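Below, each structure is written out as structure tokens.
Each of the two complexes below includes subunit A, the first together with subunit B, the second together with subunit C.
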Partner chain A sequence: MALKILKPGLSTSIQDLGRPGYFHLGIPISGAMDRFALRAANMLVGNPEDTAALEAVFMGPQIEFTEGAVVAVTGADLPMTLDGEPVAGWTSFAVKAGQTLGFGFLKAGARAYIAVSGGITTKLDLGSRSTYPIGSLGGVGGRAIAEGDLLPVGAGDLSTAGRSVAEELRRMPDTPAKLRVLPGLYWNRLTEAAGHGFFEDNWTVAAEADRMGYRFKGGRALEFVDREQPFGAGADPSNIVDGCYSYGSIQVPGGTEPIVLHRDAVSGGGYFTLGAIVSADMDLIGQLQPNTSVKFVKVDMEQALAARSDRKAMLQKIRDALR
Partner chain B sequence: MADIQSPLPGTFFHKPSPEEAPFKVTGDTVAAGDTIGLVEVMKTFIEVKAETAGTFKGYSVDDAAPVTAGQTLATLGD
Partner chain C sequence: MKTRYTYGGDEHIYVEMDEEMSLDAFFKSLSMSNAVRDADIPGVTEICPANASFQVKFDPDVTAPDAMMARIKELESKADNADKRLSTRIIEIPVYYQDPWTHETVMRFRERHQDPTGTDLEYAARINGFDSVETFIEAHHAQPWFVSMVGFVAGLPFLYQLVERDKQLQVPKYLRPRTDTPKHTVGYGGCFSCIYSVRGAGGYQMFGITPMPIYDPEQKVSYLKDFMVFFKPGDIVKFKPVEREEYDRIVKAVEDGTYAPRIAEVDFDLEDFNADMAGTNAKLMEALDGA
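This part shows the complex of A and B:
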């Protein structure tokens, strides 16, 4: 069984849950930008949740199936058709050999996850099939999918067609999207007014938003507490002596436009980070289009952990419903 | 009349670069496959191509305007 790529879409890539454990060597975690949606797609087709699938961003690919399989598409609202007939998202369906899956114009969200029973079985690099093009890791020889690719698929469970995730369990961002932030080590670099302003202001997703990071614009520039820059830090007040970045950390070069570091981000550098988006909300960022409105919401550790538990409970509900 | 729609969300540009002329002006003949503009997203510029031939009737959105997927970018007449 294979997926024959008739049209690749914009930057459709193979992703699983990522490649943790190498960040200290500068190799990012990679993996699905919306892990919730990837897990749900795999559950629908009867795969282990960390199975590799396709992540399509803003526009869908066109795929021909060489053999029968069960398929599910979750995440973004991207209308799709099987041989021209509409099929529903967040629902598993059977495909026959020779049938073609195509997509229409994106309606909401940003990334769709296309899971197929048996999963994509390209080569593992450092324990993951996730595509990291800059490091030529995972994917199809280290790159996104291209026209004419034949993606190998394992043997799957063909009895899972017709299963669906209840609408209230399809986690997508609100409008405006609310992203919870846990202030971090360098929070004290900001003046009190700047700290308040960051959470009061309305932000929008900038054009520079991809798997490495999401940039936001529209809020006021940040003001920093005066200090003599330490040896090794640059002259700009947003500079620090190089430090580690975490997944979700928010750097603000020059104090103007915040950037949230995402799955393919660098692991360290010389910008202060004001805090981090809580892990539960990183999936929501993966569903933001450019020009989307965003509010940052300040939380403490207790609230961040509660958010993580809520997200886990929601996934467990899907698991229980599909068992 | 045929609408040319944006294949994806981003920023729409009438010109190949700021110093150059727009891809098309009203009255131009358009062949299927002609590029009529660019959509920038994720630091990438994607060419928007006409799917049918016709006469260019003008852009429907301003140069450098934000657009959504499926939004009409330009119209073609017979």
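This part shows the complex of A and C:
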């Protein structure tokens, strides 16, 4: 069984839950930006949740199936058709040999996850099939999929068609999107007024928003506590001696346009970070289109852990319903 | 030095040894990250030493953040008392300074630079008080460097020179980052040199290029067959200037699978170094010359 790529979409890549353990060498975890949606898609087609699937951003690919399989698409609301007939998202459906899956225009969200029973079985690099183009790891020879690719698929369970995730369990960002932030890291570099302003202001997703990081604009410039810059840090008040970056950490080069580092993050650098998006809300960033309105919401560790539990409980509900 | 502990969201603990860069801060960050690794704390998934700080990524469902923080803080006194000695290796890295490829890139991104009329090396030499590019290049390769961090992108080493504070070269990054940097460019930003492991964006000043690959995901390069990343924190590097002919010879030898980097096993003792920098460096380079 294989997926024949007739059209690749804008930037469609193979992703699983990533390759932890190499960040100290500059190799990021990668994997699905919206892990909730990837896990749900795999559950729908009867795969282990860390199975490799396709992550399509803004625009879907066109795929021909060389054999029968069960398919599910979760995440962004990207209308789709099987041989021209509409099929529903967050629902598993059977496909026959020779049928073609196509996509229409994006209605909501940013990234769709296309899982197929048996999963994509391209080469593992450092334990993962996730595509990391800068390091030429995973994917198809280290790159996103392209027209004419034939993606190998393993043997899967063909009895899982017709299953669906309840609407209230389809986790997507609110409007405006609320991203919870735990202040920390180099938060102490900001003046009190700047710290307040960051959470008061309305932000929008900038055009520079990809798997490495999401940039935001529209809020006030941040002011820094005066200091003589430490040796080795660089002259700008937003500079620090280069350190490791946390996933989800928010850097603000020059005090303007915050950048949230995501799954393909650079592992370190010389910009101060004011804290990090809580782990539970990283998935939501993967569903933000440019120009989306965003509020950053200040939380403490207790609230961050509660959000983490809530997300896990939602996933467990899907697991229980599909068992 | 004053250690500062903080959280990076609910999955990271970040420990800053000192706000400023020093070999003492680097050694302590390396000792502490080793102590965290040896402690084998349940839930730890990544330990990332950096120049003067380190970060631990963990699963808070396995060990709660406050418990993880307490465990890591306990390890600080152990790191303070640890020998500031390192069994490591010194590696000779050939560098073709003022090469045509980085020069082309230098000129292509001139409008993003502090000094659009000169080159990166002319600018760096001038602001560090050197009377010529040649004497600046000499200062860059005469004394060895510590790999104080590996990261940014896959396999990229940050290097800190083993010289007195007043002899450290300091150069700001580009005003706006470039969208392109040739693979294997030897760069400079702040007080750090680096080697770009892959082609891509970058903000460091560009001084030259090495013919020696340091990252190979396909693991075809003879000395990267065991692992795709060449450097690790604690490695010592000595740059060796080469001209075009030698550069071309090494590129060919790498392709033929016959190139073996010159490497010697060495011990580095921070107290010995602080007592006699020139003498310690001379011994390191002696070991390299004997390899």
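Definition applied: the second predicted complex is superposed on the first by the 323 of 323 C-alpha atoms of A that agree within 3 Å, B and C clash if a C-alpha of one lies under 4 Å from a C-alpha of the other, contacts with A are read in each partner's own complex, and residues count from 1 in each chain.
Keep in mind that, in the parts below, a residue touches a chain if its C-beta (ideal position, glycine included) is under 8 Å from a C-beta of that chain, and two chains touch if they have at least 3 such contacts.
All of these numbers come straight from a predicted model, not from anything done at the bench.
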Subunit B versus subunit C as contact partner of A:Ala313, first or second or both or neither: neither
Touching partner for A:Gln289 - first (subunit B), second (subunit C), both, neither: first
Touched partner set for A:Leu106, first subunit B, second subunit C, both or neither: first
Per-residue touch tally on subunit A - higher for subunit B or for subunit C: C
Which of subunit B and subunit C A:Gly21 touches, first, second, both or neither: second
Which of subunit B and subunit C A:Ala209 touches, first, second, both or neither: first
Contact residues common to both interfaces of subunit A (with subunit B and with subunit C): none
Complex contact set, residues of subunit C against subunit A: 6-12, 14, 16, 18-22, 45-55, 57, 60-61, 64-66, 149-156, 158, 165, 168, 170, 172-173, 189-192, 197-198, 200, 215, 217-218, 229, 232-233
Residue ranges of subunit A touching subunit C (in the complex, touch as defined): 20-21, 23-27, 125, 132, 134-137, 142, 182, 184-185, 187, 230-235, 239-244, 246-249, 266-270, 273, 275-279, 301, 304-305, 308, 312
Residues of subunit A defined as touching subunit B within the complex: 10-11, 57-59, 104-107, 110, 207-210, 289-291
Contact set on subunit B toward subunit A in their complex: 5-11, 40-44, 46, 66, 68-70
